[in-house]
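Common to both upcoming complexes is chain A, partnered first by chain B, then by chain C.
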Partner chain A sequence: MGYPHPSHAGETPVLSQYFGDQDGIGLDGWRKRGGYNGLQKALSMSPAEIVDVVKASGLRGRGGAGFPTGIKWSFMKPGDGKPHYLCCNADESEPGTFKDREIMRWTPHALVEGCAIGAYAIGAETAYIYIRGEFTEPLIRMRQAVREAYDAGIIGKNAMGSGKRIDIVIHKGAGAYICGEETAMMNSIEGRRGNPRIKPPFPAVSGVFGQPTTINNVETLAAVPHIIVRGAEWYKGLSLSSPKSTGSKLFSVCGNIAKPGNYEVTLGFPFKDFLYDLCGGPLPGRTFKAVVPGGISVPIQTMEEAEATKMDYEGFIEQGSMLGSGGVIVFDDQQNMVKQIARAARFFAHESCAQCTQCREGTAWTTKIMERIRDGEGTHEDLDTLFSIADNMTGKTICVLSDSCAVPVVSGINKFRSEFEALIKKPKFHPVTAAVA
Partner chain B sequence: MTAVTHDHDAPYQPVFVGERRKELDALFPLYPTKMACILPALWMVQEDRGWISDEGMAEVAEVLELTPAYVKGVVTFYTMYNTHPVGKYLIQVCTTTPCNICGAEDVVGAFLEHTGCGELGITSADGKFTVIEVECLGACGFATPVMINEGFVESVTAARVPEILAGLE
Partner chain C sequence: MATTAEPTTAVTQPKMVNLTIEGRPVSVPEGTSILEAGKRAGVLIPHYCYHPALSIAGNCRMCLVDVEKAPKLAPACATAAAEGQVVHIYTEKALEARKGVLEMLLINHPLDCPICDKSGECELQDFTYQEGPAESRLRDPKRFNPVEDFGGDVLYTTSRCILCTRCVRFMDEMAQDTVLNVTERGDRALIGKFEGKDLTHEWAGNVIDLCPVGALLSKDSLNKARSWELDHAPSICTGCSQGCNISIDTRDNMVIRFRPRPNEHVNKYFMCDTGRLDYRWINRQDRVEVPLVRRGESLAAADWDVAIPATAALLDGHRVFVAASPNLSNETLYLLSQLIRANGGTGAFTVPTGPEAPLPGVPDLSLRADRAANGDGATLLGFKRTASLLDGLAAGDVLIVADADAANITPAQLALAAAVIVIGTTLPENLRTAAIVLPIANHAEEDGTFTNLRGRVQRFFQAKAAPGMARPSWWVVGDVLAALGKGNAYYLASEVFAAMASDVSAFAGMTYDALGMRGLVVSGGAK
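On to the complex of A and B.
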């Protein structure tokens, strides 16, 4: 359902079917809804068979990068004699994105089940669920669900009587957007500052505690039990588009729109119908101006681009943006894009871990210039400087936070240049000049 | 909403004794190193003491066999650890882009006015409130979300602020 709104016929509720359903939160209610059938079935299969099913389903990582999940799992080499780890990325912090929060609030056992299947498939006995510290309610629900699963023997020393050990540990973050980056998250779990690490080595070779590790997003893992129960072909069949974008996806919608919330649609759904039909269109008397479709770090789309987009990994790229985490931010005709992009830049400056100079200095400098333009004190040279800084911030740092700051600025200037120029051209009173004149 | 109660002037009392010590010891088998328990240990100090003082950092360092300097490095990296005392109610208002679009600036203004704080990060004279801006609370569709201690209030508007504050008494 388009939580918190009633269901719409255009939705395909797989993960979101029980959002808002209080009875589905606890273990008994969850089992009545088919919970843990996927884990039961998975434990009767070999890890390699599970990996093959997930590969065949075409499930791609729902955290933002979209890497094929089955292939990621296949990087973990069984029988290497090392402890393996699964880390679930529940550090949802991308502005515009709030889907994992609802999965954990309403269907915490779906995530426990997904983690248990994932851990078994990659040969891990321990899964860490890293939840951001701000998510107080999801934390309480997840802790309760893990406790219930232990008490019922679903996880633990002998998961569902299979003889397999699966431990799940909830690790509470402490306020750092960068810890959503997989290597920063591993550092944070190890008890360090959340600074990203240079790759390679990739986590599958040397991850958390120096051991082979797989990191998956909440939504990715929550989809796995459904794939195990209903099969890869069913999941692939949900897609309306290319074989590279399969299944359903949760999109969080916020900003200037009639019905903000979480909507689950099959990949390939028309973005225009999504925005106007499912989400209710603009607020009365207003018109849409722009959309950021995948969280604030992806390029801004004009409405013309957005309305021509098919909602899948390739479709957003074709129309100049990215699917990212699925966090849709909508701007209407009342918004000044310069003001909002300046605010986005400030977010990245605040969240830079300060490890790389290009990011530490670049995000701060970009913010300073953006705020100067916003306040009517910018010059035309500032726009050239912003492009130059952005060029030096892109592809030159350990992680992509720096790139993420450059993206909305560059796409914003390119697509809404007139708004920048209108603020630059605004006449300004210069006391010294006035005195001389 | 649970109030953070602590006496800033009282001498530091160790956290990791009795039940808390058992709670910490129970964490050790969950990780291959003791150091990995630093975030949960710091949360325990903050829950009990309201903020993490130098003495609190030193205690965490001792129980986890780390140096106080290392612990301070970790504490100061994360924004949710308070390195200074805060009011009985710590009010965190999200003002990142999606909330900014929906009028979060007005919500901040209303909290500053009605709490008597006047300025971000300053504790009100009666010691009750501290208001800060926070970068993305991850509830963008329920703009503006506000965290008050461990409690979460969704869809806050400037007009609702007096009623929310009254509910804390």
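On to the complex of A and C.
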């Protein structure tokens, strides 16, 4: 799918404004488009002023959890005598989510700029950008952008002539889903196995290399330069749901839909309009059945729920799901939900880091049962067992990968139980035994 | 007027926090985990990955407890005890969570307890019996992985592994030799070895003890006994002068294995492989089982009632030279020193040596160069450490070889002595010319104490019966002294120790009760 999308009144291209614009990738082109004005302005402000602007903008983390960014930055105590670190989470591995890689592909300098502002705001001299290993093209673009920024003196020991040191290091991951979990990512940056760490201590106290660390998603950091240039009030005004959910958000859309791709809308946009108007609705002759709105680890919505949803942090929760990463996966009436959920479970079973018992064993056991049901070998007791396993997997492990596997299974059975039961009731093949006279 | 400066290093008392665990009030230093606080309160919170000597992994999720006012169950190993905290271990919520963990651990764990060496001392077995599900809901085939030889003494039974990572953390943090890792992800995960590495580290055998299930097993003791057949006696390793605390596990009067016994002052929870595998000699079958008294050209079996007076008669009026084993107890060495004091003479010992092999993660824990348990005790009791065992043997001395290694004793040296008395567990070939042989128990067959290289006096207890008519060594020497009219007969090792404590200043004030299971340092302090 190419960019730009056919213009639609509902789209609000802030981050995606230059998607598809080849000339905006390099430094010169990016500067012509206003690039690095945000950093220039930020470097003339104090770190505390930047944090205040970000707080006032209401920007919330776009990686999934939705924690207010300004408040997260304010946890970093200036003058504590320790090195601070910023880590940009560019691991984007959530099935159904592909927005960060597009930011990096088309506007790599936006991320460099966001990282530089973030690092300055939290008192860090070094920012790590942790990029998923499979993201070959974004990796090449980011490496080039960082090199250009160094060569132009935008970052480095005297960033934009400010006397401030801002280094950006690109760390290529090896392609493990769990390395997108912030503490596992820190382990990976340190060269260790990507296993999540027990919290507390939280990263702001003891993060990468044991030092105070802030971790932000690509999309979050890419939004920061716009907020600095245009102001907090402008960003808040973008929203239909201010003050709780402000600004614009990229949603990646895939599955059985006419126009899959990345769409940027302001938070609070009606999900129904989004699916039918922006994304073109279902394929000809089909109807929508279900949606996963925030990446596969959030609860599945029926179409009735989805059509009643406001696209913001609170709106998705009200309708029984979550905004998550904004990875919208659409299923139409041709889809077998048991098969889809079994596939999701297999993904989590494959990616579990194997630390916690419930996750290591639970994801695999869930997968075995789901695949058995899918293959027509399930029983009604299996559904009870799945609920019970999901209960054991929820809220009891170091990170939430285990919960993420349980969520689609539980919501899937709850909302599409008839599909499960239809497979369970499927007549089994029994050989006929001839009566012997 | 001169003033005394205040001490600059004042001992600061840790801040204490008060909490209630399972209705029991307990006070612990700030920073203590709920799990450790539970131990103080006398309640064991079930756990697998936690071990007090290793870093917190928090991965088994077995120690989940209910803390009042907390939104979720808390892992007791990774949650610090806090003032006023109220912890419940047996609420329905906590029990359900642990039952869930046990069910998860068991879905792929082979139920091969009947053939597993860990059966009977397996924490998965114990906690499942205590809190686990009554039956399995697994309808699918179990995962299977082959058994792997990890090198050294360690066998890895992959299918039994619960990935607690104690073994990985031990090798990383204690041995500081990164050999093990977690390989793969998900339920395919298993413990692996780094390329080209084996568990041949001197302390690697500890991973066997640390493994809470039957995943890591000792090749040496494989299939030798079921754990419930074993008797356990607290003892001290005689492999070197460190004095590691051990348990001697026996079956039918045979030593099956040594295992480390915790003592925070000496060996924490560990022992080296040299010590661990140094037990076969205790089972040796060529023991002297009856007192032997020379009758012309041959040694004839005799009753103790004959052998002791005969020994006394031989010794009467002679200077003695006692060649002692540095693995004799303080008690026996003390009585031998009394014999030297009564008759005049000297005592000497030699210590076999070998390379040092420290455990880097535990300060002052090492396989010591001195490969004997009680060289320091012998020195304290007046014996001279010599390079050659019989250095100083004077013509006309009665030579007493008290279980010392006689391999290098020559006939010419023996000829120098007026007579040779062997007080020993065995009769070496070159001492067959002895006048009298008095059979004694080895340290696994009697009670006593050793003094380690830091001056810590530690008790060991009888683990098995001595063969035949062999008697505890202190008993034999005490009887000889009594027969000489130079002392009392003793009936308990503690009586000998009491006599020693009142006689030898280094041991002043010590009693068996005071030594307890951790030992005490001789007066004059640790070296």
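Rule of thumb we're sticking to: the second predicted complex is superposed on the first by the 423 of 437 C-alpha atoms of A that agree within 3 Å, B and C clash if a C-alpha of one lies under 4 Å from a C-alpha of the other, contacts with A are read in each partner's own complex, and residues count from 1 in each chain.
The rule is simple: a contact is a pair of C-beta atoms (placed from the backbone, for glycine too) under 8 Å apart; a residue touches a chain by one contact, two chains touch by 3 or more.
Keep in mind that what you see is a predicted model, and the values were worked out from it rather than measured.
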item: Contacts of A:Arg193 with chain B and chain C, given as first, second, both or neither; value: both
item: Superposition-derived comparison: chain B or chain C, residues of chain A touched; value: B
item: Chain B versus chain C as contact partner of A:Gly261, first or second or both or neither; value: first
item: Partner chain in contact with A:Thr385 - chain B first, chain C second, else both or neither; value: second
item: First, second, both or neither for A:Arg360, with chain B first and chain C second; value: second
item: Which of chain B and chain C A:Ser352 touches, first, second, both or neither; value: second
item: Partner chain in contact with A:Ala176 - chain B first, chain C second, else both or neither; value: both
item: Contacts of A:Arg372 with chain B and chain C, given as first, second, both or neither; value: second
item: Partner chain in contact with A:Ile398 - chain B first, chain C second, else both or neither; value: second
item: Footprint overlap on chain A, where chain B in one structure and chain C in the other make contact; value: 176, 193, 350-351, 353
item: Complex interface listing, chain B residues touching chain A; value: 30-33, 35-40, 42-43, 64, 73-74, 77-81, 95-98, 100-102, 134-143, 147, 150-152
item: Parts of chain A lying in touch with chain B, wherever the complex brings them together; value: 83, 92-98, 101, 126, 132-137, 167, 169, 171-177, 188-194, 209, 252-256, 260-262, 296, 327, 329, 331, 335, 339-340, 343-344, 347, 350-351, 353
item: For the chain C and chain A complex, residues of the former touching the latter; value: 56-62, 64, 72-73, 75, 78, 97, 100-101, 103-105, 107-108, 137-140, 143, 162-163, 181-182, 184-189
item: Touch list for chain A against partner chain C, complex; value: 176, 178, 193, 198, 349-358, 360-365, 368-369, 372, 379, 381-382, 385, 388, 391-392, 395-398
